[in-house]
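In the two complexes below, chain A is the common chain; its partner is chain B in one and chain C in the other.
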Partner chain A sequence: MSPSRSRFRHRVRRVRERVISLVTGSGSDRRERGNSSNGRRDQGDSEDLAAAGTDESARDSVRTNGTARVAADGGTATSTGFRVRDRLDRLRFNETLQAALFWVPPALLMGWFVYGAISWNFVISLTDWSGLGQPDYASLNLEMYWRMLDDRSFIAAARNTVALLVVFTGGALVVGLLLAILVDQDIRFENTFRTIYLLPMSLSFVVTAIFWAWMYNPETGMINVVLRGLGLEVFAMNWMSDPRTKLATIIVALTWQFSGYCMIVYLAGLRAIPDEHYEAAKVDGASTVRMYWRVIIPQLRAATTSAAVVLMVFALKAFDFIFVMYGTTPGPSADILAIMMFREAFARTNWAYGSAIAMVLFLMALAIIAPYIYVQYRRGEL
Partner chain B sequence: MAHERLSRRQYITATGVIGGISLTGLSGYLSDGGVQEETLEIVHWWTAGGEEEAIESLLDGYQEANPNVEIDNNPAPGGAGSALDVAIRSRIVDETPPSTFQIWPGESLRPYTDAGVLASVEDIWDDNMRDAYLESVMEAASPEDELVSVPINIHRLNNLFYNVEVVEDAGIDPEGIEDPADVLEALEAADDAGYVGMAHQTTTEWSTVQLWETVFVGQHGADVFEAYIAGETDDLEDEVRESLDLVVDYSEYFSPDAGAIAWDEGNAQVINGDAAFIHQGDWAAGQYGEAEFEYAEEWDYVPYPGTEGVYSMVMDSFVMPEPNPSPEATEAFLEYCGTVDAQERFNPIKGSIPPRTDVPIDEFPPFLQNQMEDFEASEEQPTTIAHGSAVRPEIKSEIEEAFSRFIETWDVEETTQDLLGAHEAAGY
Partner chain C sequence: MTSKDAPRADTGGNGGTRDVGGESGAGDDQNREQSMEGFSRRIGRIGRRRLALYVTLVLLLALYLSPLWSGFTTSLKTAVTFATTSPLTPPPPDGFTVEPWYEAWGRMRFAMINSVFFVIPATVLSAFLGSLAAYGLTKIDWRGQIGILLLFLAGVFIPYQSVLVPLRQFWSAVDLASLLAFAPALAARADLLELAITHTAYGIPICTILFRGYYLTIDDEIIEAAKIDGASTIRIYRRIVLPLSKPMFAVTLIYQFTNIWNDLLFALVLVTTSRNFVATQALNELQGAMVGQYNLQMAGAFIVAMPTLIIYVVFGRQFARGLGGESG
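Then we have the complex of A and B:
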């Protein structure tokens, strides 16, 4: 029995059992030894536990072959021929095997190209591979990881990556939520506004990086022109060359690009909240702000979590945008790990060090994704 | 139920068809990428306007001379080879290199010669070629003991371009500027007259790297620069600091939007008459041509003050990687790149000069004719850091990082130490 049996197939089996029991009229039959509860992992589900109990008791006492004949105890009452047929039948009806055609090819492809590549990347990060020769797998150690602690470029890049991650995610969520609340007010041309807000997301980073660079231009850029027009010349800064605002230029542009996505996610969440909740809050005399803060927003937890995970993963990968705007060496105030990884691997052919940085990025992504997957799994939503 | 079964069957059929198609597509790649004796796969990064025309003209010439060879023109677009590096290095590691690829000669070749993946091209360099090339160019083509590449063009880095009208209006005589420190006075004069002194970009670091190295050569001479790039940096602290100090002084007169523009936007400020000077390689002249900005009347240039007699070379070359998928076609291509015909076709369009000194100058525009005369008359031809030939890629990347910090902080002390330690930090 494959321990990686999926929940989906389990459900399919249960449905099939039900259909068969309806057809044969018996409560529980056609069980295969292979489908015993030994490998079952979804113990959180009480219905499944109950089913497993039936399974356990039904397994040895009730056995049928193709003709729906009921045998009291297979161990004592059957001949050898019967056992072979029985086994063949079991094989025939074994869903793991039946389904293999569908799950083995993708599993192999995924295993090799995704998980295999990640594992191989980890092994490379343990070598000291650089240059255009082949790696030497004879001596593996953590030297590349120690090297990071001593590398001010790495520290700057890691700091910027975390800052980008936190501020961008927070910013995009807040802006997205505000947009969603506004669009949710039964306004006219709602669809038009929705499309307008979502549109930036469909643009490539290359395009948005170039036109944000134009907007940030201290002489002719829109931002400074508007500030000067409002008499706020003190605030008209050299946005892209001032180390204090360099990272902010990236965060603001990315927030602009992704808040539309957050809006859509939140809008779906808002639509799922029954009108009665709004009405009840109003009847109880809550102000609009208080109603949203106490009643509505707490119900958007699932939307927030899923949007945040997507945003954070995007933040880790904000490579294209920075690459177009600032090149491969953006300087200590705008460098991120993804750019540094590229620089180490392809400008300096330090493959091992580049791989180690990639592993750090991978672990960061995992640290974001894993709790989310776990919570989803616990809630039975996976 | 029947309907459901039908749709599942259709589903499976569709999956099968899609799978089949993708497999066919894949196998198409497999056979295409395989070794075919007579296909020359050439990888380069010349995909913008004039550059693309130049490479096509070169390949046309090669095709005429070798009608049997099929050419697989496979560019990897991306400024200064950023995408090409990725493609080529991965393919070299996988041992499936193309027939030939574009690369800066000199120290850029080191990672490849270290790994022993470049074939010697000593045989291709016949006596006729060796006589026509300058010693310094041949040295760049042979980072170790033997020649491994064939340079096809040379750009000059140490130019100071200017807008004639602006300079006259500001009362500056560019010919009279004698050294890099005097440039500062000229920038001041332009600033006083209400112009941007020096169009410059600091969005990315490379323009400042090349400005610094040109100032360095101008202040201390090509010999001291050669010592720096060779890693003999122990006694150079004052020299490095002095040149960085001057760059910081210049920075007061840079384009006010230097941090948000690309180099060609800076160059446009010279064309528009907003800025007086720009320091750039002679590829900047290509933009003047496109803008119909007239040489000698509207724009002109001087060798960067202090670097007269120096021709700072930015070169491109082609190499023969091993194992080579088409040894004969590649050899024929490299031979062709070394001919007068190839260089006469390629360079006028590219806006560079031929490395061969016996190419007739008639085909070239007046600006390049001047550059060709300057090149032949030049005493020293150093290579450049910013364009890969002077230091190994690892050291170049260290220096670029130092300058990416420099253009944020303009901290001369820190950058001096970074530049002195760049070789060591990169492990050389």
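Then we have the complex of A and C:
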């Protein structure tokens, strides 16, 4: 055996020792479940032996007669101790390998399509690829990113994206909270109400866009028909072609579709609040509105945060609905980055420019989710 | 839940009781009288409150159903009728027709079949792979899994726009149609296979997160006991974890089916031949081709929505759980 190899073995041994100490440390909580100290010890050892799949008879003896095993262990402390450690070690190694068998294939598939594709997208955004050919990966620069700054339609789309994100998220949260509070009043047919409020979430954006395009129809759409019926003819507008209301048509329809989701999240939050908090507020003589505002809503912060993250990220990638309602050119008053990216890349074959816009969207999404995930992680909620 | 809600419902009425309580220094009779009065006042107030609550709830119900209602009535009207009547009113006897449904179905049947063809494999595969990954990341002790898990979690939130161009490049480099040349029937459907694989890959993160949340609740003792009996990791998964996962499979399958069926973006990018159009894509085409024919458009919309609507009505609870899982 060459010296370098033996040194390597030595190092492996040291690492193993460390792993063992870690493993036995982390294993202690599991062992604490045993009743007697003998039982605990026994459980730990027998597990190692059994799973390592070695001495069949030894395993049997362990299972049938635990105390004898412990005594034997104590008797030949050093040799058995080492053997157990070795087996423990091998077992941990096997477990890690076997765990990999489970998570690696899905992770590879997902990793390639998500992270591989994003990296590739970034590289494409550095080229100047457009038209029918293939990208030229030889000359990479930030030209496409500079181009955005001079592009007025990019500025408009970015502004609309932020407006959509803020108003839609706020609107869906408020409506969802209201629905949740109403549904949480111990009402009859609660399930029916909940089911119907959440129903739009089960529909495709293609479907809802077609429904809403009909709702917004200036002549025979329901909104204008109802407004005329109420004598509010002045407010009956050409909703989908008036630049002032275009973005609003999208926000209203998406709020309709997503408020049920917020309701579900808030309902879970409301039901996690202990009864005593309601009762305490009641004893203090607080009015219902005051109780919700001062006592209940502040306790819904976690629900609000997680729903808001989902809504904001959705607002960034909202595509299907706007595409079906307005096509790839909604005009400067309703254009958003998700639509612009698709238009530049797939309608105008400005692939590199489209990829650069997509990177901006990705970074915006990252700016929203990274703090969220980090906080979750720090709180140990993962 | 009920015990909490019941007292809360009459918080407003409680103000009345306090008023009475404030004057309770007076004689016994008077006190009882007043409390009786307070009691009936309270009932009145509760009644009015409850009434207002239900009225609000029903109005909201109407509001939430109105786009579907206006679509449904329109889908059953003739062209003349829907242009001249309110979308609120059901079709009059002389303006009633099922022709739009019939025609929309005829135009979109092929796309509905295409959708079934790719959605079911993608749903099952993504759920199964999610379950595998969650088991590997949850039930087997090894360090560093939290880092991997974070990658899965972030994968849930990725805006798909940031992968579209590479996706197109990838699927034109990996030419499934020529790889499948030996089976012409499959090769002609290569677009749909690409779509199934793509949806599987992007479904894995959310499925993993959903299953992980569930596996954390499985008692470790069952698994430890199996280990003591010498069961391998694979065996434990097959014999213990998989059977226990049935309820979560219901949630994940329903959630994924709805998501994948409803998607348009990936189909727009990956499906190029019109005979491979999926349901949402065909509906979008129908809307573009039948401008102004709202009855036909609405019938088409309902046809595309039907599978997810039925699943939602039957399995609403599981769908809601899937949605809840997305927010952690």
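Structure notes:
Definition applied: the second predicted complex is superposed on the first by the 285 of 382 C-alpha atoms of A that agree within 3 Å, B and C clash if a C-alpha of one lies under 4 Å from a C-alpha of the other, contacts with A are read in each partner's own complex, and residues count from 1 in each chain.
In the analysis below, contacts are C-beta pairs under 8 Å (C-beta built on N, C-alpha and C of every residue); 3 or more make two chains touch, one makes a residue touch a chain.
On a predicted model such as this, the values are computed, not experimentally measured, just so you know.
The superposition on chain A brings chain B into a clash with chain C. In the superposed model, A:Lys246 makes contact with chain B only, not with chain C. For chain A, the partner touching the most residues, choosing from chain B and chain C, is C. Of the two partner chains, chain B and chain C are each touched by A:Asn217.
Of the two partner chains placed by the overlay, only chain C lies in contact with A:Ala117; chain B stays clear of it.
Shared-chain residue A:Gly131: touches chain B; no touch with chain C.
Of the two partner chains, neither chain B nor chain C is touched by A:Gly231. Of the two partner chains placed by superposition, chain B and chain C are both touched by A:Phe346. Legend: residue contacts after superposition of the two complexes on their common chain; A:Pro298 is shown touching neither chain B nor chain C. Contacts of A:Ser333 after superposition on the shared chain: chain B is touched, whereas chain C is not. Chain C runs into chain B after superposition on chain A, and of the options 4-12, 130-138, 400-408 or 418-426 the stretch responsible is 4-12.
In the superposition on chain A, the residues of chain A contacting both chain B and chain C are 213-214, 217, 219-221, 346. Taken in their complex, chain A has these residues touching chain B: 131-134, 153, 213-214, 216-221, 238-243, 246, 325-333, 335, 343, 346-350.
Those residues of chain C lying in contact with chain A across their complex are 1-9, 11-12, 14-15, 18, 53-54, 56-57, 60-61, 64-68, 70-71, 74, 82-83, 86-88, 129-130, 132-133, 135-137, 140-143, 145-146, 148-155, 157-170, 198, 200-202, 204-205, 208, 220-221, 224, 227-230, 232-234, 237, 258, 261-265, 268-269, 280, 283-284, 287, 294, 297-298, 300-302, 304-305, 308-309, 311-313, 316, 319-320, 323-324, 326-328.
Interface residues of chain B facing chain A in the complex, by the touch rule stated above, are 82, 85-86, 89, 92-93, 111-112, 114-115, 117, 202-206, 256-261, 393-394, 396-397, 400-401, 403-405, 407-409, 426. By the touch rule above, chain A contacts chain C in their complex via residues 22, 26, 30, 33, 43, 46-47, 50-51, 53, 59, 92, 95-96, 98-107, 109-118, 120-121, 124, 135, 179, 182-187, 193-208, 210-215, 217, 219-222, 225-226, 229, 256, 260-261, 264-265, 268, 271, 275, 278-279, 281-282, 285-288, 291, 306-307, 309-310, 313, 316-317, 319-320, 323-324, 337-338, 341-342, 345-346, 351, 354-355, 357-359, 361-362, 364-366, 368-370, 373, 376-377, 381-382.
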